[in-house]
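Note that chain A is present in both complexes that follow, paired respectively with chain B and with chain C.
Then we have the complex of A and B:
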């Protein structure tokens, strides 16, 4: 009896001492050269750039891999693993001269064979590529011209290819590591040439990366040419918003991914934290109006809806000025952005009312317009950002729209979209390629039962399809920019897509951290140039 | 074959039935696994078709069910649709953090539950009783995400006593309290009523008449006899925790089987859902069998009944 009581006492004292000891997590955060990132997800499954389509997985990939051509956040290109590149006049092949001094993290040399292996394996169905294969587009084959020289052939003109080769998904992987580990094994322990090498991954908790001491092939725009000042990166998974903010404030992490707008504002106002707002390239966050069903089958009703909403005020109210209103189908940070879209659909309630009057919708007694006994009703199944959906609803109501918002899960949304049971739906899409416009606007992408696709406005016009085809197959960059401007104007004229606000990445970090830089597309953050001041 | 062995064998038909049910339900609920997996990504129709083929989704339902049963009987529960890894490996990885949290929560629940229950039970209808039962109600009724956030705010952000996230044992303290308070609530209420009943029994009066100190009467005579119903409840709650505590896992950024199951269901990762259900069913039956054995330890009369 006495001995057991003594044991209890001992255990109690031990646990008290344990409680008093400085916490492991905070000690880790204060270690001088370890940078801790809090990611807003915990469902990563692969770090194989050839396979992924997830921005969370790419946050790790961007540290571990290099691309043939490296782009900074503004789209400025620099030699990466290739020192020079040249597009053929007919835009069907691209010749790369490769660096001859680069080694993968497993010690094997980077060469022409590695480029061919990576690109060939992307189009191999067995790889199961979800992003890279579509980016490579009309890829035909890679011809090896020398140990450090290749020519990539396309089946059709591909003027956008130079930009495409800056994408994370087209990072070059170590062929030896893929062969040794197998596809699934490589996805768990990727081997690249980047400034950090992959160390370990405890699922649902964290990924650890260590500095690559041999790194000497940084892009020209980088402020550091050699290895990073940061010794180790801990990529911690904290999906809950409030917990991520708390961990940042408690000093357990240095950088928090996608923080709520209110917290970002509060933290950056405090002076102890800095906010980094990146406008993502690709489709703006916006609503596609279903042109195949009443009431949005009438262009006047679509125009009226767009004039009825005060986008700058909506963005200010919901995001405290951190996020700006969007005006065109493409975000301003996308190559080929057409600023003419900014003149479209200014907030004008009188004009909205006039358009609806002209279209035959008369104001009913309850503030909802009617025509032939039918109310001006639009069903809006909303998957993303319910606060925006409700703001649209109340604004549109003031000119007589009855927008029926229903918050739905992805499964339900898919069913409704595939079976054409909706009047509007919101979309967003991160991409560095203006060719992303084919996804929501080409007639071949109209959803059908069993086939989930993204042309939710259901616009089906060979003229628009032709514009998309010409723009994506342009032979020169100038022609490409011009054709994409025509395409954006056409989309705006049709009033099928209502841009609402920019898609932004909101990152907050302690003032101790400096040298962070967004990767192209303004979504992932590069850590190569980061520095951590001592606490 | 012993009693325990028979209980374990009884798991097999239960698992067969739950498996088939899960398979049918996953076929019925809307959503295409490939679309859910790609979650709004610019994949072409060719990519989607290719994925369907890779996952074997283009085969008839009956064929898929049949091949699933055959492989499962050989101990191969398949590879996850999303990660392409064997689901058994994935579950094994997430089991340890789940067990940690379950044990931590159980320990907190047990300690708080016994203290509150005993104090309430020995003086029924006093102010001590009312206070203890009010606390128990708070534990049962407050949602764990709220308790979790409050603990994080007070002990993590303001006082900075314990870490909010991380892998050390100190990072287990707040989540254990979050889970434990809920367990303690129900546990305390059952202990209270059992103690009240036991305190009126003849053996307690005898113990008192012998002149034993009050604490000895309560702990050795009344509490031990009062433990059977609360232990049953504890077993059920522990079995639930072993299946994962999804809200607590989310709030404290912990890996675990709860999060894994929710993710698997939302992305229709069928092999993973099926394997998790097997695991949960088996854990439930085994823990209940263990609880039956514990009855015998607490009350030797139960053992005698089984022997006869």
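Then we have the complex of A and C:
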């Protein structure tokens, strides 16, 4: 009660001071060594790592929790809550030796029981896990070998498991806190072992985190081993782009999440701000072409569409050099990325025209190709990035291909996808695991009425399913990399996914802040090592 | 009643229509409004002839380039000519506004006539329903309707029209309540005229001036509302050059390429202003209590 009242009071004086003179507000933020982050959402629901699937929620989670194995932004592993780990030769179990000097923020000691509780509760359907349960994959059970030693068993080989245990979603939660607060209560007041502890959450306005003064288990790659230099983090929700930029420039916040490309460029050129550009791992931003309906049921039409678009130019034009074109289903920052995809579908309008001619689509009088009286037309319900849709539409038209773009709301998009009333749709997915390819390409994920899934190309081929199964169940990392390369080549050969551009996280912060680091996957920013210089 | 005597007796300045038009337009506001409105409508109609570029052609010029001799209003993110898009945009924005008004006028008058003439319980309950709808800001109501119908220009017209219906219905009902107590209605009824005939032949003509004024005043509103929905991404679909959509597309570049927002915004401002100027004067001229006012 006292703390929340103080928060309100502080927020009130801060905004008053801001109105009077921005410099006063800055000085105040400084004195208390508070770091203020502007998040581009205000729809957070849960801060339970076991449940979440939202990068916004994970921006809070990454400060509050630790993982068994800690990864830096480049994928370099370090002991986290586990000091050592060992995969069994058949890749069906993973043994962890745990730290014995760690306490949760509520005082509960961290031990083997906490690991078992966390993992068991993730696969419990009652938890409603959206992300973590898929990451655990063929999880069977956790065997307690000693107070600080566990063996995690899988039902099938899981060579990627070591990487998986670096994911935010597999953070270890305090069992006593979950039992005391219940699932809903825990989601609103999470308790972990991380460098910051959760203080309060005023919905739609801000989340407050205070530093964990006992933190002494930082990963080896961290430049700070003890507690953070920052005392308090204010995670403020400012979903509007222009408002977020203005807040940053007024000194009201120190760091701004996802800023428009031109603003990011201007701010970093000014010298008073620094930009952090991270290429997110996972699926590139791209279009899935519906192979179950004309005209994309013909591979020549799919290939022609891909050859018709000049991706490097599109990315340069729309993002001013901040975002690069993508060439394969996986972003280059994803483990197992296959660079062979870069040779596919270079911009070649003549070839696109030839492919369409060969497929029997002849140029009609109004500049749109026709075949058997039907125009060459693809309906594209577009939810994300309207400017990309406009660019695709105009480029495709130059080869006589009419892309009928309709900007839709999420609910309408989902309905169209489930009832198979679309020819293409765009997707993006942040993940540190190449196994993410299962989500849009496995036949079990073809959407149906009432079942919203992500195989929007609707490719249904046991051969492709087999490749996915073999790659995700590889026994050694080398075999896994090789099998995922084969899988990526197969996807490119089928011409079912048109990679458009990398997914990029653009963060800008005042030059006074240093020591920010992306978490793995390049979406969340870690604040443990941050420092705030005096103005 | 002295007013009508004065009209017949005192002036001999041509037919009623010419007199009406003169009174309407010999007024600085209305004149400016008419000229601006006509210019925008003419530009929209003749857009294919006078637009220097195909309004959907990307790379018609450099991206986000400022106004120049070649591109009067500059270019947008995709290198499209904003001048061409603004004049072509009038085709959508103006006709959408008009369609919206006609639709709400039609539905509103029907409901208003029915409630006002029927009276009794039907009227009381109907009016309460209208009051509830009036309680919602029109744009919020329209957004709710679009989210049910789905996005698209036709749906936006329907949504904004429905949101406008309560206003029209209330006004028409009020006018009908006054008119139906007049002697000639009683006379018509005594002569055995049907309800339908009374409404169509006697009541409707009497509320027509009110409807004309209301419709004109509402046109500006309707254009603005349809543009608002398009701005929110619920209306025009790419690459349609609708003004609201253009404003929305230029939002992110306001600081760097203000012309992407200024010109569609200006067009929207001018059309709404001109329609309102004419509407204001129209309401003065058609006001029976002020027939002699200039």
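Note that the second predicted complex is superposed on the first by the 504 of 535 C-alpha atoms of A that agree within 3 Å, B and C clash if a C-alpha of one lies under 4 Å from a C-alpha of the other, contacts with A are read in each partner's own complex, and residues count from 1 in each chain.
Keep this in mind: a contact is a pair of C-beta atoms (placed from the backbone, for glycine too) under 8 Å apart; a residue touches a chain by one contact, two chains touch by 3 or more.
Quantities reported herein were computed from a predicted structural model and do not represent experimental measurements.
**Student:** Please indicate which partner A:220 is in contact with in the superposed arrangement: first for chain B, second for chain C, both, or neither.
**Tutor:** Neither partner.
**Student:** Does chain B (first) or chain C (second) touch A:318, or do both, or does neither?
**Tutor:** So A:318 only meets chain C here.
**Student:** Let me test your reading of the model: by the given contact rule, A:412 touches which partner, first (chain B), second (chain C), both or neither?
**Tutor:** both
**Student:** Between chain B (first) and chain C (second), which, if any, makes contact with A:179: first, second, both or neither?
**Tutor:** In the superposition, A:179 contacts neither chain B nor chain C.
**Student:** Go through the superposed model and pick first if A:343 touches only chain B, second if only chain C, both, or neither.
**Tutor:** Touch status of A:343: no partner.
**Student:** Look at the residues of chain A and decide whether chain B or chain C touches more of them.
**Tutor:** B
**Student:** With the two complexes superposed on chain A, say which partner A:200 touches: chain B (first), chain C (second), both, or neither.
**Tutor:** In the superposition, A:200 contacts neither chain B nor chain C.
**Student:** Should A:476 be classified as contacting the first partner (chain B), the second (chain C), both, or neither?
**Tutor:** In the superposition, A:476 contacts neither chain B nor chain C.
**Student:** Give one of first, second, both or neither to describe whether A:242 is in contact with chain B, with chain C, with both, or with none.
**Tutor:** A:242 sits against chain B and chain C alike.
**Student:** Output check: A:53 vs chain B and chain C. Expected answer is one of first, second, both, neither. What do you get?
**Tutor:** first
**Student:** Report, in rising order, the residues of chain A that make contact with chain B in one complex and with chain C in the other.
**Tutor:** Shared contact residues on chain A (touching chain B in one complex, chain C in the other): 242, 409, 412.
**Student:** Chain C touches which residues of chain A in the complex?
**Tutor:** Interface residues on the chain A side: 241-242, 260, 262-263, 266, 317-318, 386-387, 389-391, 393-395, 405-409, 412.
**Student:** Using the touch definition from the top, list the residues of chain C that touch chain A in their complex.
**Tutor:** Contact set of chain C toward chain A: 56-58, 63, 77-79, 147, 150-152, 233, 237-239, 249, 251-256.
**Student:** If you look only at chain A, which of its residues touch chain B in the complex?
**Tutor:** 18-19, 21, 23-26, 28, 42-43, 45-46, 53-54, 125, 128-131, 133-134, 183-184, 187-188, 202-206, 236-240, 242-244, 246-247, 249-253, 409-412, 414-415, 427, 429, 431, 436, 439, 450-454
**Student:** What part of chain B is in contact with chain A in the complex they form?
**Tutor:** 29-32, 35-36, 38-45, 47-48, 50-51, 54, 80, 82-85, 90, 93-94, 97, 149, 152-153, 156-157, 160-171, 173, 250-256, 259-260, 263, 266, 268
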